[in-house]
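Below: a set of structures, written as structure tokens.
Presented sequentially are two complexes of chain A, the first with chain B as partner and the second with chain C.
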Partner chain A sequence: MEEPDAEPPLMVVPGVDSAARQLCFEWGPAEMLVCETLFGGRGGGEGRPSSSCVFVVRKDQDIYIQTLRKLFNESHGIFIGLQRSEEEFAGKSRKTQLVQVSKNYRSVIRACMEDMHQAAVSARDPALHSQYSTQVSILSAMELIWNLCEILFVEAAVAGPLLLRLLDWVRLHVCDVDNMVREVLSSENPSKHELFWNVVDVFVLQGRMDEARHLLSKEASANPTSVNMCRILDDLMKKMPVPSLGNTQTLTEMELKWQHWHEECQRYLQDGTFASNSHMESICKILLGDENAILEKKELMTTWYHFLVTRLLYSHPTVKPMELRFYAQSSMDLFLGGESSPEPLDTILMAAFEFELHQVIKECSIALSNWWFVAHLTDLLDHCKLLQSHNLYFGSNMREFLLLEYASGLFSHYSLWQLGVDYFDHCPEYGRVYLELHIERIPLNTEQKALKVLRICEQRQMHEQVRSICKIMAMKALRNNRLGSALSWSIRAKDAAFATLISDRFLKDYCEKGCFSDLDLIDNLGPSMLLSDRLTFLGKYREFHRLYGEKRFSEAAKLLLMLMTAHIAPCSFWMTLLTDALPLLEQKEVIFSAEQTYELMRCLEDLTAGKSDKQKFQDDDVETMKVEMLRLALARNLARVIVKEGTLEGS
Partner chain B sequence: MEDVCAKFVSQKVSKARWRPLPAAALQPPDVFATGSWDNEDNRISIWSVGDLGNVGLSGEYQGEPQLLCDIRHNGDVMDMQFLDQERIVVASSTGNVTIFRHHQNNQTLSANQRWEKAHYHVDRDASCGGAACTGVICSNPEIVTVGEDGRINLFRADQKDAVRTIDNADSSTLHAVTFLRTTEILTVNSIGQLKIWDLRQQRNEPSQIFSLTGDRVPLHCVDRHPNQQHIVATGGQDGMLSIWDIRQGTMPVSLLNAHEAEMWEVHFHPSNPDHLFTCSEDGSLWHWDTSTSVSEKPSFLHQGGRSTTYFSHNTINQSVVSAWLSNDPTKDRMEITNLIPNQTLSVNSLDILGPCLVYGTDAEAIYVNRHLFA
Partner chain C sequence: MFVARSIAADHRDLIHDVSFDFHGRRMATCSSDQSVKVWDKSENGDWHCTASWKTHSGSVWRVTWAHPEFGQVLASCSFDRTAAVWEEIVGESNDKLRGQSHWVKRTTLVDSRTSVTDVKFAPKHIGLMLATCSADGVVRIYEAPDVMNLSQWSLQHEISCKLSCSCISWNPSSSRAHSPMIAVGSDDNSPNILAKVQIYEYSENTRKYAKAEALMTVTDPVHDIAFAPNLGRSFHILAVATKDVRIFTLKPLRKELTSSGGLTKFEIHIAAQFDNHNSQVWRVSWNITGTVLASSGDDGCVRLWKANYMDNWKCTGILKGNGSPVNGSSQQGIFNASLGSANTSLQNSLNGSSAGRKQS
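Now for the complex of A and B:
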């Protein structure tokens, strides 16, 4: 076993005094049961009431946040789409497709973040408000990490475009300054605003040259003394070469231009063009990539990765992906300056800049309280074919491991379990086993839910689970005295034993009440009648009653005899069948032929001979009388049939 | 498909119903109700897709449904019907049947009347004795409910006790109910039978039983042709659409292969019955259009304005009959379109009124299409 990298965090179960009591626990698929085992002495000598609570400790807490359900459901659709799109395209269009998928995931996170933000704004309860706000910041961090991974891994931007992407990334996520910009721009006289130069700096730091120049022009028109300086600075900004997205210029070309421009800036700084205006001088220093000048604007950048991107923009615009790690590390060191230690988010971003994919996923798994993020990100990266070489020493591979964890969490939720099914489907190695174990544990409160679960199992040929669900439903119906329903369920499960049990109940009810219940079902059994012998008998016996009711006596008699001679009827039921023969024997016209009468007699003798004398003695008078009556009726019928058959042959 | 707008609602939607329009209304419907299932906390919600959204300051996309109000509901919402403009009858998995009133002046919902455990198993008084009420249909003021207990209840909105109860009406689960005529109802059950009940008769027996032959595939939904009452459509567990002519025979006139899993709902378009809509567990929603096979004929919608249609009325009628009842494959020119391209989870419910379609899914989303025939 590998040693854990970090001490596992301590979790306090509210309501449990872990210092004074003993705890026991039991693992579940995605949660844990905890209960106290040390109780006060008899009579509660300690005076402390011993609690008898069982606590459920959940691993994936975020699953239970109402607003996030939108995230789970919408991303489920994207996930399925990604699995289906498998290898549809090749090469470049495949990459465009994957980037699009990644963007879709991000837009879902963003939409969810906005909802959460709305909820936070409208929440009156301060505790609730802070809870929502925390969620907003977690979601925003997730989006930040995802976006960076999209640039570095999914899109795998090359030198040149890489910097442009990173700039977009910073602009999108460092939005604390937006309010300040708005405030300055909406004021009557922007250039006189106390934050004016801050805003210009922000634009320069983020490489938003057009906006910075626009502001400078305001300064120029308001302040005639600085017109010249402004014009020069404006010119420098305008001429600054930027990497192009297309292939219109080569990297060397770009580097040459940039070198030239850099020297020009250098000249203006050295001949003291901006000496009279400290603001413009510092901007010029920034343009030159002066680290100290940039670091002075620490407050405006707020984060080390903003610093990193600004620094790259003005000193290494053609940075290659593999060089990122050096700049990233030094930028973080410079920015934090030993004052504070890096937070989990910093470590994650740093790992991404270092192209340590596995480290990113690992750190995210530790820092975030959900599996959603790592499961989906890993799946996407796996589709980019970036994770193939890596195998875990347990389970199958990292993608599958994380998906299994996430889906298990979904299954432990009261209503999100349906989403989990599709995730398990896309785990080739253990998905099926997990699904089998989880699906049986879903509470089935209505038939409709049972049907939905059943459909999931049937689509995947999970016969064992189908049987078990049908059996549960059949048992429930039986307990509720719904024999018809119970029979339907056992027919669906092709469960012969249970069908026999229910058929027996039907027959017992018949013996007690003298009539059948649920005729609509029994009359329409069709081929499913053949599921069990007893069910066949039930169906046939009911058919006998129908024939009898329709006065088709000879057909009824034939069927009745067949039920006994072919041993379809259980022995215990023979007496009832023979009694049913009585009215047929007593009809005016002769129904049973001589041969049939002999058969009937044999059946009666078989039945009585099987019983010992002692048993016979114990049988009540009714039974003996029945036998006597039958014998008499059989004898009389025989007499009549001999005469009838004799005369027929004679004539 | 740009006309469709979706909203994720963080609860699995089991039912979606348009609020009926007042008789003289010319506008398309703009308010609908949804019910959820399989949540710890189920809800009835009222949504608006009308111009109200434009007024909203949040600058949201104008077509997106806006929540007007919602209320907790005990148990899964199994079925739901508007009784009139303000009242909704809701069937619960606990066996309760509740009428909710939507107060339109202050946008609130309240429980107006409740029949506790209208459906129950052996012991009604036991704490868990309720049986799921699976279907409800109303024709103001009458309400008919059916349930897993095989019972049929007839209520009146203004009476506390059931007007009529048929215990053990069916030995299996009743899945859905609809009115055939004012005094007759149709039910479908889990052993593939379609039964007609005449509520005037005191006998607790169906007046007619129709059944699928052979496999006894459970039927989940039923709807009657709005103009020709003898044409009935049902949907089964195997996703098959069956069309029945209840004037003749005991078997369906035609069986149409449709979805790959349970068909949860089937609806004729109320004013344009050449169109039929079905939705299914497999995540698809189909639009069945038979109007193309008789494209020459004028639509029913504009019938009143032209005198010529009057003379050809007889032939129109016949062509419509053949549209649903003909099982001649050469003549059968039914156009079928799947309205959901990337299907994933079950579409549990749909409703159509005028040019508007609403449907809800297990993926916790509701979708509205306001230009169905565009």
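Now for the complex of A and C:
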């Protein structure tokens, strides 16, 4: 079905003269930037100051409304519950379950309406008050539509119960008359109230027979002349057959009874029983389903769908679902009487009465500014197995398309995005890739937030996103010289190259300052030390210092030597290591064995031999002196250790 | 859609480009006043200018952010025939207190003989790379092999497009099935029917970029070009801004292992074409999921295009200036619903405020 060519919504950018200028723009994750410019300039600008503003444009303002927060949060819970309950039930109990889900959604909408109403009432600022009131109306419309969909689609009420449900629906949603009803009922002498008969009419129109009869009795007691008429009317009302919810009668039985009753009413009317009281005569006509009589009470019904249900009640109470469309169309035509054209809400309700599900969803998508409603409703209808799937490019079916739209919208919000994650999880075709694209854009203002995002990615095996986020955090930490933080992020990212880089920085810092920063981190590296050679060296080197500090000299010595011989230490660091060996060589006690000393000497020679002549020339006095000192210390140690090792124990 | 904020940009001449960073918390603007400004978004949503400095000796046409994995890095290109790479230096604490940050130039790319019209960073999985294009018809691809040393950039590839270039777009797809790919648009307007969109693909065999495809149906000057984000599709989507808005799909056919160096051949279709701007279209850009395309034209409007669940493309919104002056810079949220928002119409029909409801 081709969509009507509706005019796309126009958004005005203030201060920009579209006749003389153009707009440049850029998408962001949640917003769009728009700015006035002039394209096609060959050389440059205009030579005068620009008064241009940069505009930040947003699509969905609803997610920023505080009072709607509850709606998003609680419906999220219901949604997840529905997805997970798939295989538990079948058949009739499944339907009951789905109806319950639908009712839950509706009660969330109503709760939100309440909150919004409170907010509207307490708002001082008229603009804010108006905004809240608008929201209340919209929520009310949503609940109205959802309720009807629940009756027709989720519950799929059959002829009989259908009418009862529709009556409930009307009673719940036509509240314009509530004040009037209250006023009359609470007055001293209701039957003397000028609006008395209006209220009786209201009850009759809404099928509230007991309440109508109650008022009639008041009239009877107050007005002796009409006692007889009241009694008859009361009797008719009492006897009116209504469809039952249980299985106490078949439709045919009910229709038969109804036919007899209808004829009885007809007789009374034709006999002129109510001729002297126009109000009661009109009520009798209504009972007979006289369209004109009902239409006269337009003011009390206020909507065409009220008119529809009243009509059905009094002319065709056993209406079948598929017959609704004819009555609906004619009701709307009769009610509006050609004076006005249908509003969006009317079109939506009409589509529902016509059982055009796709039309309902499409119209709602157009009429509502936020995807919340259509996404959740469509999901529910899909669970009722009512939607055929159309294969398409942006999602495997309409349900997924709408959920993707809704969840994408949530990601613009600094905390609601977390709800969006779950929605994406339940979109089998594109959910994962959408989540990947959105989640990496979430601003990582704090470590906590980054960890939260990471957890979500790790749970879903989104390895690339994990790596990327850790890298971004590591980079940020490095730029701010927080080496410890940078290192732990690179370890988490399993980024060996970066870990090497940061380890180098640590080592460089050590050389300059003579001490390590972030000792805790380095001491507790554990197996992650193996991520990169440089990192391993850093960890081991720190261990060497620790051992030295604890005076475990021989272990320290062994470690130090191993760092060089196993080539864990980079060549550039060997000089530093050898210099670190000096205090060990100078100890009173001999620490390095002969073999170890030979090794050390070899390392030193390798180091000096490795230098080119030019480098040796450039070496300053300090360098040469260091080498000389080392050679001396090594030689002395060798001498001592040879003696020690050569001496027999105890001799 | 609605305007949430308006920020007085304070440039001393025409602004040519605005750019969001990856997370949408920083933005950069560039202007004919030869400077670039960087703005930061604070916790409460206000935008503050944290840096403003002269970047070139001519109008600055474009400014773009690198992926945050590489740090805080910007690139700009200008009429002065150069492109430049900038890095933010974490400042002294008193700088931070004043809310200012400091950007240093890491390199100037001076190989072009003419105005450099576009500069774009490559997708991060390729490395720290950027491409520039110039009016002299050459696309240049530079790489910084050491991401920690942004002063070292080497010119890796020079692609001669034969026609003056106006725009480039990297294919963002990180799928292993897709080689690095770059689309180039030309705004050459001498009378000829040469293809104004060319697509170059990197070939592993030759270690070079070679022309994989040319869109023969685009013969009018092209002002902007944009690959859509890839949602795991096997084919590519490319939007072109020319005398109208065009969306092409490029489906890779079996890779031919001939002497053409293993380049992919594509099956090209036009998915949509819109002439609603009724004038030259200057910019096209995709949102982050590639579901909405925005275009800006000579008619002073920005239009949004979206495909519905039946895969029909439609205009879903228009942004247009109305000429009325703004009262200075407004950092308050502006709650006016857009004109003609259907939001209010639903409310109206429920309130029964339409004329026909109440008996007159």
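One rule holds for everything that comes next: the second predicted complex is superposed on the first by the 577 of 651 C-alpha atoms of A that agree within 3 Å, B and C clash if a C-alpha of one lies under 4 Å from a C-alpha of the other, contacts with A are read in each partner's own complex, and residues count from 1 in each chain.
We adopt the following convention: contacts are C-beta pairs under 8 Å (C-beta built on N, C-alpha and C of every residue); 3 or more make two chains touch, one makes a residue touch a chain.
Model, not experiment: these values are computed from the prediction.
Asks: Once the structures are superposed on A, label A:Met32 by its partner contacts, choosing first (chain B), second (chain C), both or neither.
Replies: second
Asks: Under the stated touch criterion, which partner chain does A:Arg69 make contact with: chain B (first), chain C (second), both, or neither?
Replies: In the superposition, A:Arg69 touches chain B alone.
Asks: Among the partners chain B and chain C, which is in contact with a greater number of residues of chain A?
Replies: C
Asks: Touch check for A:Asp518: first (chain B), second (chain C), both, or neither?
Replies: After superposing on A, A:Asp518 lies in contact with chain B but is clear of chain C.
Asks: Per the contact definition in the header, classify A:Gly15: touching chain B only (first), chain C only (second), both, or neither.
Replies: Touch status of A:Gly15: second partner only.
Asks: Identify the partner contact of A:Trp574: answer first if only chain B is touched, second if only chain C is, both if each is, neither if none is.
Replies: Once the two structures are laid over each other on A, A:Trp574 reaches no partner at all.
Asks: Kindly classify A:Met475 by the partners it touches after superposition: chain B alone (first), chain C alone (second), both, or neither?
Replies: Touch partner of A:Met475: chain C, not chain B.
Asks: Is A:Arg455 contacted by the first partner chain B, the second partner chain C, both or neither?
Replies: So A:Arg455 only meets chain B here.
Asks: Contact-wise, after the overlay, does A:Ser415 reach chain B, chain C, both or neither (first, second, both, neither)?
Replies: First partner only.
Asks: With the touch criterion stated at the top, can you tell me which chain A residues are shared between the chain B interface and the chain C interface?
Replies: 445, 480-481
Asks: In the complex of these two chains, what residues of chain A are touching chain B?
Replies: 66-67, 69-70, 73-74, 76-77, 80-81, 118, 414-415, 418-419, 422, 445-449, 451-452, 455, 459, 480-485, 488, 517-521, 524, 526-528
Asks: Under the definition above, what is the set of chain B residues touching chain A in their complex?
Replies: Those in contact with chain A are residues 8, 10-12, 37-40, 58, 76, 78, 93, 121-122, 131-132, 134, 148-150, 168, 170-173, 190-193, 209, 211, 213-216, 218, 237, 261-262, 281, 342, 344-346, 362-365.
Asks: Of all residues in chain A, which touch chain C in the complex?
Replies: For this pair, the touching residues of chain A are 3, 7-41, 43-50, 52-59, 61, 64, 127, 131, 134, 137-138, 140-141, 144, 176, 298-299, 302-303, 336-337, 339-341, 343-346, 366-369, 390, 392-395, 397-398, 401-402, 408, 430, 433-434, 437-438, 441-445, 464, 468, 471-472, 475-476, 479-481, 501.
Asks: Mind pulling up the chain C residues that touch chain A in the complex?
Replies: 1-9, 11-20, 22-25, 27, 29, 31-33, 39, 43, 47, 58-59, 68-72, 79, 88, 90, 124, 148, 174, 223, 229, 231-232, 280, 282-283, 285-289, 291, 294, 296-304, 307-312, 314-326, 329, 333, 335, 337-352, 354-360
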